[in-house]
Each structure stands twice: as structure tokens, then as C-alpha cells.
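Quick one: this structure, given as C-alpha cells, is what I'll be asking you about.
So that you can tell them apart, the chains are marked A, B, C and D in the order they are listed, and the count of residues begins at 1 in each.
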Amino acid sequence: MFGDVQARRLTNGFKLTRVGVTGVKKQVTVRRKGMQGCLNCIIDVYVDLPSNQRGSHLSRNLEIISEAVEMSVSQPVGGLEILCRDVCKELLERHEYATYAEVSIIADYFLNRTGPSGRISKESFKLMAQAYGKRGNGLRKIIGAQAIGMTACPCAQEIMRDMVRKELLTLGLSPEEAFEFAKRLPVATHNQRGRGMISIQVCDRRCVSLDEIIKIIERSMSSRVFGLLKRPDEALVVQRAHNNPKFVEDCVRTMAQKVVESFKYLPDDAVIVLKQINEESIHQHNAFAERSATMGELRAELGAEDSARANASKSEVEKND
Amino acid sequence: MFGDVQARRLTNGFKLTRVGVTGVKKQVTVRRKGMQGCLNCIIDVYVDLPSNQRGSHLSRNLEIISEAVEMSVSQPVGGLEILCRDVCKELLERHEYATYAEVSIIADYFLNRTGPSGRISKESFKLMAQAYGKRGNGLRKIIGAQAIGMTACPCAQEIMRDMVRKELLTLGLSPEEAFEFAKRLPVATHNQRGRGMISIQVCDRRCVSLDEIIKIIERSMSSRVFGLLKRPDEALVVQRAHNNPKFVEDCVRTMAQKVVESFKYLPDDAVIVLKQINEESIHQHNAFAERSATMGELRAELGAEDSARANASKSEVEKND
Amino acid sequence: MFGDVQARRLTNGFKLTRVGVTGVKKQVTVRRKGMQGCLNCIIDVYVDLPSNQRGSHLSRNLEIISEAVEMSVSQPVGGLEILCRDVCKELLERHEYATYAEVSIIADYFLNRTGPSGRISKESFKLMAQAYGKRGNGLRKIIGAQAIGMTACPCAQEIMRDMVRKELLTLGLSPEEAFEFAKRLPVATHNQRGRGMISIQVCDRRCVSLDEIIKIIERSMSSRVFGLLKRPDEALVVQRAHNNPKFVEDCVRTMAQKVVESFKYLPDDAVIVLKQINEESIHQHNAFAERSATMGELRAELGAEDSARANASKSEVEKND
Amino acid sequence: MFGDVQARRLTNGFKLTRVGVTGVKKQVTVRRKGMQGCLNCIIDVYVDLPSNQRGSHLSRNLEIISEAVEMSVSQPVGGLEILCRDVCKELLERHEYATYAEVSIIADYFLNRTGPSGRISKESFKLMAQAYGKRGNGLRKIIGAQAIGMTACPCAQEIMRDMVRKELLTLGLSPEEAFEFAKRLPVATHNQRGRGMISIQVCDRRCVSLDEIIKIIERSMSSRVFGLLKRPDEALVVQRAHNNPKFVEDCVRTMAQKVVESFKYLPDDAVIVLKQINEESIHQHNAFAERSATMGELRAELGAEDSARANASKSEVEKND
């Protein structure tokens, strides 16, 4: 009876790369090292579709998601990337025509943070998880996070420090004394809200620590930020940021170094994506930096640079503008 | 033939406060003092609906908007608030059952800005216009804008300056000398992207200058921002912001003062709304301040404060946290 | 030592209507009739500021929020509007200079929903809560929700049904038979995603049922929507929506009626706001309707209409476009 | 004097994949076949950065953008993808250390559309343009658009039509007569706002017609949508959509077919991306389909399917859920 519908199907029978549903909101119960509780998730799932089939069975996607979410209540999932993988497997199982499956999750996450004066308060983060793969080829899992911090521009600070030095000369200091003394002062620059992101492709046996990922992001900026800062705390944050000025590029490179140092057990072919967006206070637009590489590539560059450090003074490149 | 539809209408015949369409995107040609060209607008229009009528005629709203937009091509409108008023009038004309009409427009706006070193470049702003009123009572028109700038926190700077003074004492300066010298230095604080907004209720005869509104917003923050800043320009912006630290409250009060000074011809009953949102660099959340008042109230407060200024030193109130 | 900062304060000493922080993300533990668990909240808090004080103590706002959130872990709050009220009280307590306080919360909320074929699944909603008031005048509390549903246009359906009737005449049916028979058919119209919102001002003694509010919103549209619908369920939803076509105005009026019927214990001066936004499938723009009124006004109109119903056939008003 | 800053640079000298600025808002004057005027653009630009250089010169990016935008006033650019390419070239020129450049632009676009009853009105669209490439390897240019339309679900309509047939049997029609008659009726289904997107990689010599791209998107859905529809127009749009029901997959496949037919001159290695997002009226979530392929692949599939059409009746695959 539905024959004519299906006959129409063949008049434009192209393969489709991804077909699915996006923006599915669910609460998932997670138990992971350092994390236990409910995460509010936004979920996207896709499979491919062969050229000779008109439609993908979208309601199966919702069945799979609902069952996985339901089961997490009694048996919490070990992580969002694990949930992504399990849903991926089930997608390939129930869409028998599919050769590819992909699942992405974004979730809000809250974590205790100790402020400069010891005060503990919850800060919010974003988690990003993904799994994807072709049938029979294994699935790749990715886990990541986004954290907000503060960056202070080293370039503008250099110029301001130069102004400070000139003022110090008027006090009778020698150029060398002025140079040294200026280093001790909290010299102005522009600073801004920054957003760092790390995503790490994980292998099956080891669970990557989300808290570690978030710590790396936070510590790769000029300073962490806090919801609650009394005046002395606020001064400490400002001082820390100005003692540790960072370009958007510096943030990404610091993340790269810390990822290499912290995740020694990850295989060389694990893909790492590192991003930093600085919501510049002196512009309407944002500054952006990104590195996408394998662990192997990052390791090689860190090694290469270790030996290069000896020659540092010879190869200085100026940032003139 | 449609009788049964209408009969159902009376089973829940409540009045409706506003019925209309939102998110209508149109290009409007405007010719105003200092502005000529096409604005990309998002338009919302509403009328009220009596309890004995089932539906408002929504397509009439689109006819009115389309005609007004079309006409602006050959005969540019004198301002978005004028367009709002004209559309309002027409809404009341064609929705004969309506006793109230309201129109809001948001538009992107570009304006030449001269950077610190004389370089001219276009910066982007938001315009907000509105008209509303009850039939027979006249229409109120509102025009406003939003601009982005930079704010530097005076509170953190005070503490940092105190640290600078203590360092200066180690050079052998007296407390008084250290105090004076520290004032000349660009001392660090947290600074951030700020968004200021002014909306002004205008009377029919005079056209409020949008460029004046935007200038006031920009100059009420610690510094303006620019798309293109070469290193020396960047330093000038940082210096200016740090010489002019502003709380979110200061920005709104500066706007209030400048609005009173600049728009002398506005009547005492014109409603003024002033807002500032600072996207704090030391927090994930924003700081916010707002004043909503009539011109008469602002004028009275400015006058009151003029005489109060003499007693300034007696009534100091500290901001301790 | 901070004297000069404070002296500057008086040069533009306007009162400020609202000063505070926006976008504070926190997890709040709530125990309310029919709800128990953690809500991810976005919180805004404000107080006013007298003209003779330069700054509001923004960190106190964060202290109050953090303490309230922290306390909810061991002692869950009875509702977001209760949390808003408690924070408001504390704001007035700790900002001794403030005469006004205001707190708003938006949160994601998940609730079990039974689909057409008995399948149970979680759907997502938005909660909105607020409290505000002047010192000494008591605080007003508001609780509300937003739910997504489906609306089918009655106007287009009428025309389509007319076409169906004409086709039926070709089968030899009489006009009366065609008229009756067409009523039994699921006739096409445009249908779309709709978002309904109700906010209710609550008095202290009684807790308004959020589940009741959400049910009213959902049942005021043409049909509820569900995350998971197998083919027969999908047909039931489509059928239900097309048997129950609703203008954007109808949705608001149905909400009004159901609110009057369901919340009999609310006092006449409680303010009710009802909104519906239909993301029209035949337009890029949205249709919008709103009623803002006191319970007393809604009650009066419902009563007036009861007696008016007898005269229904006399006062038909057509919707011609 | 800046030596110590640069020395720090080498402690984490990783290569960076992309460094740049995002969210730069500019007005660009374009003159292209069928388009002349100002486009409000949001621009992102990136270059890569070698491991031995601390920072990319972000202000050069703004200089390049500003100059290109400025020049477009007197000499309009031939298309946003051309602007992207020109800016890319200049990025590689002025960032002498870069080996890769990338530029993306998103812009609002307005186009006249003739409604069902001949009424002409402006509708809004989104344009997306991009250029990127490695130094010495040539640059790839991409132009694309997003348009909004209406989709009606064929699956739910089949079930509803079946219900209609059963009703028709009660009139004494034979199953065959009922089957044929039901085809003539505008039978209900769920329909919704859909967003289609096409991006096409273009070669240097030929300019792809944006109006053609937009037409293809619009005509690949069940019906186009219009800002202004009077009642009879509205009925025509509803009728058209219900006579032409489309799954999200159908929309993408129709786009694929039309792209192959319309852009015959594109080389086989041009990359085509086709997407459709349906904002389902029966769900809170969206349906999504995508095809990413080369023109050669699409051509091969269209050919393959032409010959496959003869066997259509043998290979019917049902969509059961």
C-alpha cells in the first residue's frame, strides 16, 4: 500500500553522510572518578544512509537514547564518552543498513573550586563528549571540557612597563635599577575573559580525568576566575594574572605542554584539540588560537623544543605589532 | 460557513494584551542627521485584541511593514523611531478593533571611528527603536543604542596602587612622595568588555542625534575600543582606561550626567533608560547597573548633587568589598 | 587613603534603579511537591543604590547566593520562588543602603511524560522564578514555566476543509452531507512548534503546583509533543493536533481559562502573565500573543463570558485575513 | 629590551594550527550577478604559526580586513568568496611566517520573492563564504547559503491518508476508488520550519549564482515560505506543501540532484556540502540530514540511479518507524 511512496524514493537516491536528530535534551546519571551525579545533556546522534533507502528510522535514535538514559539511573554511566560509545554501538545494531554512527553530547558541569583565600565555591564548566566510527573499524571516543579564565596581554604590558621605567628614571634610578624595579610592580595591560577548550581522544582501557583536563585549561591562562571574590582575593587574582601575562597563543601552547606531561599513557595516535578564545577587552572581536594534533606530534615537538631551548637567545623573533 | 469556528471563539473570550508577529527581518532605508543607508532590522509588532474577537489579523501586520519598508527605498525614513511610529499609526488604522499598538526594531549600525593614532575605521553598534501607545492618546517614541567599550575596575586598582606605594617606600620615598608618584603609573586592575545602552523617549519636533547617544555611551566607560589597534594605539587605549577606572555604576551615572547635559531640549517627562553590563574578566558572571527615570528626575538629581558637591568630603561612603 | 576615589563619586551622584550581577550559574537542590533533585540555574540579583554611594557591594550578592545554594544541599529549598524570596530578604539585610531587591532564576527542568501509546519518557521544560520588593513592603514571588507543544492553524484548515467539501460533492454527496463528512477527516493545515509560558504571582501560604502550570501550557496548544514517537503514536499526535486547531490567541485564552479554573485559591490581586510564541511553519517570523492581568480581571472576564455565551451566534466576528 | 619576553616564548614552542580573530563585524559592498549592495558580515580570519614564533600579528588581520572593506566601497567585490580569497592571499603576504590561511564570512542577505498570488516581498537568507589553502598550493573558495522553508512529513501523511480511505469506504466507495480519491485530498501531517544549506566549492573562472543556490534550497523542501500571506495565499502554500511531502533526507537528496543538474560546469573534485535541519513540530528536537561529497561522486550516483530506476519496484525498502 505504501509502494508509491517508496517508488518516489529512487528518483534521487543519493547516499547520505549523516542523518539523525539534534538537540535532544536529557538528564544522564554519571559516576566517574571525581564526579557523581546528574548531568543536563544536549545530545546529537547520526548514522549514514545508503542510496537505496529513502529514510533513516529516526525514532530508533530516540529509543536508544531513552533506554541508555533510563538505565543510567540505576546503573550510572562511567562517563559521557562511554555513553556516546554505547549509543554508537546500539545505533549500528538497530540501523542495520548503517555503516557509520556518530554521537555528540554537551553538558553543564559544576565543580568545587578553592578561591585565593581558601573559600570553596562551585564553578560551572562545559563538558563535550563524542564517539564515532565505521562499522567493524572500532569506535573513537573523545572527551573534553571548556573552562573560563582570565588572560592578560603581555604585549601591551611590555609597553606600559616601559612607560613605568621612564617614570622611574625621574626618581634618579639607573636604567638597570629601573628595569629591575619595574618587574616588581603590577603594571597595567588589557585583560579579558578567556575560554579554553581541550578535547582528547581516549583509548578504551584508561579513563581520562576530567578534573585534570579542566585544571589544565584553567592553569594555562593568566589566572583562574572565581564567582566569589572579596576585595583581597580580587587583588590576588589581578596580581596573579598580571604576573603571568599570556597571549592567546601562549594559552594553547601551555595546554599542549601540560597535556603531554599529564596524559603520558595516551597512545601516539590519540588526537588532541586545544582551543582558546579571548573576548578582548580592547576590541569588539575575539582573539583565537587552536592546535589540532596527535599526541605523537605534540610529544615530538616538546622534545624538539627541549633541545632547542639552549639556542633560545639566538633565534628571537619579535612581535612588532 | 465558518460559523462554527467563530462560535468556539467565545468559549474563552479573554482580552489579549498584545498579539502580533516577532522576528520579521527587513532592510530599511534611513536618512537621518549623520546617517544614510540601509539598516538590517528585526521588527516586532503588536496590537491588543478585544475579548469578543477570536483572532488578530496577523497578515495585516506584514502588509504594513512591507509597505513601509518598500516606501523607504524611494523615500528614506527619518529614523527607526519614526518608522516605528508610522507603523504604529497604521496598525491602529487597519486593526480597527485595537486600542493599543506597539512596534520595536533592533538593527545593526556601523559608524566611522577615529582610533588613537588618527586611523579611521568602521565600528559596529546596535540600534533599538520603539513606538507604542493607546488609540487617541498619542504615541511615545523611543530611540536608543548599544555600544561596546572597556571598563577598568577602580576598586582593584586602589589595592594594586597601594602595593605599588609600598614598593616605592623601599626606594626611600616618603609616604607622600610615594602617594603622588604612584598616581603617575599605569597600575594594573581587572578590565573587561562592557556594553552600555541608552534609550531615550523622544518628542515629535526634535530628532535626537544617534551619534550623540553612541558617543555618550562610549565616553561613559573607561575607554572606547577599536577594531584595529597597532601596538602604540593599544598602549594608548590601555593607558586611557587605567587612568579612568569605572565601576559599572560609574558608567551609568556618567551616562546620566551626559544625557542631561546633551539633551537639554527634552521635556521633563521623557523617560530615559541607561544600562551597563560588564563582562567581568575575573568572574564568569556579569556586573550590571541600570537607571530608569524621567529627564525631570535626572535633572533634579544633577542639580541636587551640584550643591552637594561642596560637602563631598563629609559624606564619604566606603566600598569595602 | 581612598578619599579621592570617594570624592569622585559625588560628581555624578545619581540614584541607580538596579545594580547587581547577572548570569550566575549554580546548582540548586529543590524539594517541592512532585519535584526532588538538582536544578541547573542561571541567577540574576539586583538591589538599588542611593545617590550618595558610589558602588554596590557586588561580592555580597555572590556570598548570599553561595550560602543559599550551599544550604540547599542539606536542606533542599521548597521551590525556586522561595529561594528567590530568601535571597531577596538577605540582599536587603546585607545591603543596608538598599530599598529594593530583585532576584530572577531560570532553570532547566525534566519531567516524565506518558506518550500516546503509554510509553514514559522525560521531556524538558524551562522554569522561571522571581522575587522582588521594596524594603518594608513585603516581597512578591513569581513562579512560572515554559513548555513546547504543537499548534495547528484553524484558519488555513477551514479553507482546506472547504476544498475537501468541494471534492466530496463530486462523489454525489449533498452539501450538508459533504459538510458533515469533512468534519471527520484529518484535513491539512500548517502546524508548528509552539512555546507557551505562564508566570504566576504566588502568595506565601500556598505552593503553586509547577506540574499543574506545565500541564496547562501543554494542554492549551493543539497537541503535546514527545521526544519518542513510533509511527502509530505520531499519527495520534497529528490527529489530535488537527482535531484541535488553535490560533496563537486561542492558546493564551485557553491558558487563561485553565489558570482561573485550576488556581482558585489565588487572591484577586495576583498578577498572571501568559504568553505563546508559534514558530510558524509558513513564515520565517513568529506569531505571538500575550495576556498580562490580575487573577481578579481574568475571573471577571471568565464570568462575563459565561453569560455572553448564550448570545454567541449573534456576535460573530470574522477573521478574514 | 623585550628579550626576556621572547626567551619565555621557547619554553612551550608548539606549532599552532590556526591563530586569528573571530567575530569581526563589517559592511562589505558587493556587486555580483543578481546582487548589488551592502552586506553586514561577520568575519573570521586565521593563519598558522610556526613553533619558533611566540605570537601571530593579529592587528595585521584587522588591517587587511579594513583595507579590503574600505576598497569595496569604491570598487565592489564580485562576491564574498572572492573577498575571502583576496583576504587569504593578503594574509599569506603579510604573515610571512604563515604557511596556511583561512577566512570565513557569514552575512545576512535579502532577496525579492514572489508570493503565490504574485505579491513581491523581500525575504531574508544567510550567506556563507570561505577561502583557505596552504601557501603555494592555491586557495579553495566556497560559497553557500541558508534558506528557510516548510517541510511536511510523508510518513505521518501516509497513515492519515489510510484513515481517510477507511472513512471513504463508509460512503460505499470501493477500495480502489477510495485509494484514488484520497490522493486528491489535502490530508494532514506534521509540518515544520526547515532550514536548508548548500555550500559549493567554486573554481576561479566561473561565478556560481547565489540566487540559483537559494532557489535550489527553497525548492528542495515541501514548500517555500513567505513573510506576507493573505488567506488564499496561505491555503496555496499549505496545499503545495501537503502535495509535496518530504523527509529531511528527501530535502538533501533533492538538493543533490538539483545541484548536479544546475552546476554542470563545476569540476568533479569540487566539494559540495548539503544540509537540512527540520525543527520538528511534533518533537522538541530537530531532524537532520547531510551529504558531503565531491561533484564527481554526486554525478556518479545520479547516473547509477538513473539506470536503477527501471528496477524500482523490486527493491522497495520500507520505512517502518
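List of remarks:
Everything below uses one rule, namely that a contact is a pair of C-beta atoms (placed from the backbone, for glycine too) under 8 Å apart; a residue touches a chain by one contact, two chains touch by 3 or more.
Keep in mind that what you see is a predicted model, and the values were worked out from it rather than measured.
More inter-chain C-beta contacts link the pair A-D than the other of A-D and B-D.
Comparing the contact residues of chain C and chain D by number shows a mostly shared set, over half of all numbers used being common to the two copies. Per-chain Cα centroids separate chain B from chain D by 35 Å. One finds 28 Å separating the Cα centroids of chain A and chain D. Counting partners per residue, chain A has 24-25, 59, 62, 124, 155, 227, 229-231, 234, 283-285, 320-321 as the residues that reach two or more other chains. Residue ranges of chain D in contact with chain A, taken from their complex: 1-3, 5-7, 9-25, 44, 46, 49, 51-60, 62, 97, 154-155, 158, 162, 247-250, 252-254, 256-257, 277, 283-293, 298, 301-302, 304-305, 308-309, 312-313, 315-321.
Those residues of chain A that touch chain C in the shared complex are 24-27, 37-38, 40, 59, 62-63, 66, 69, 108, 110, 121-122, 124, 227-231, 234. By the touch rule above, chain A contacts chain B in their complex via residues 123-124, 148, 150, 152-153, 155-156, 159-160, 163-164, 167, 171, 173, 181, 184-193, 223, 225-227, 229-232, 234-235, 237-239, 241-242, 279-285, 320-321.
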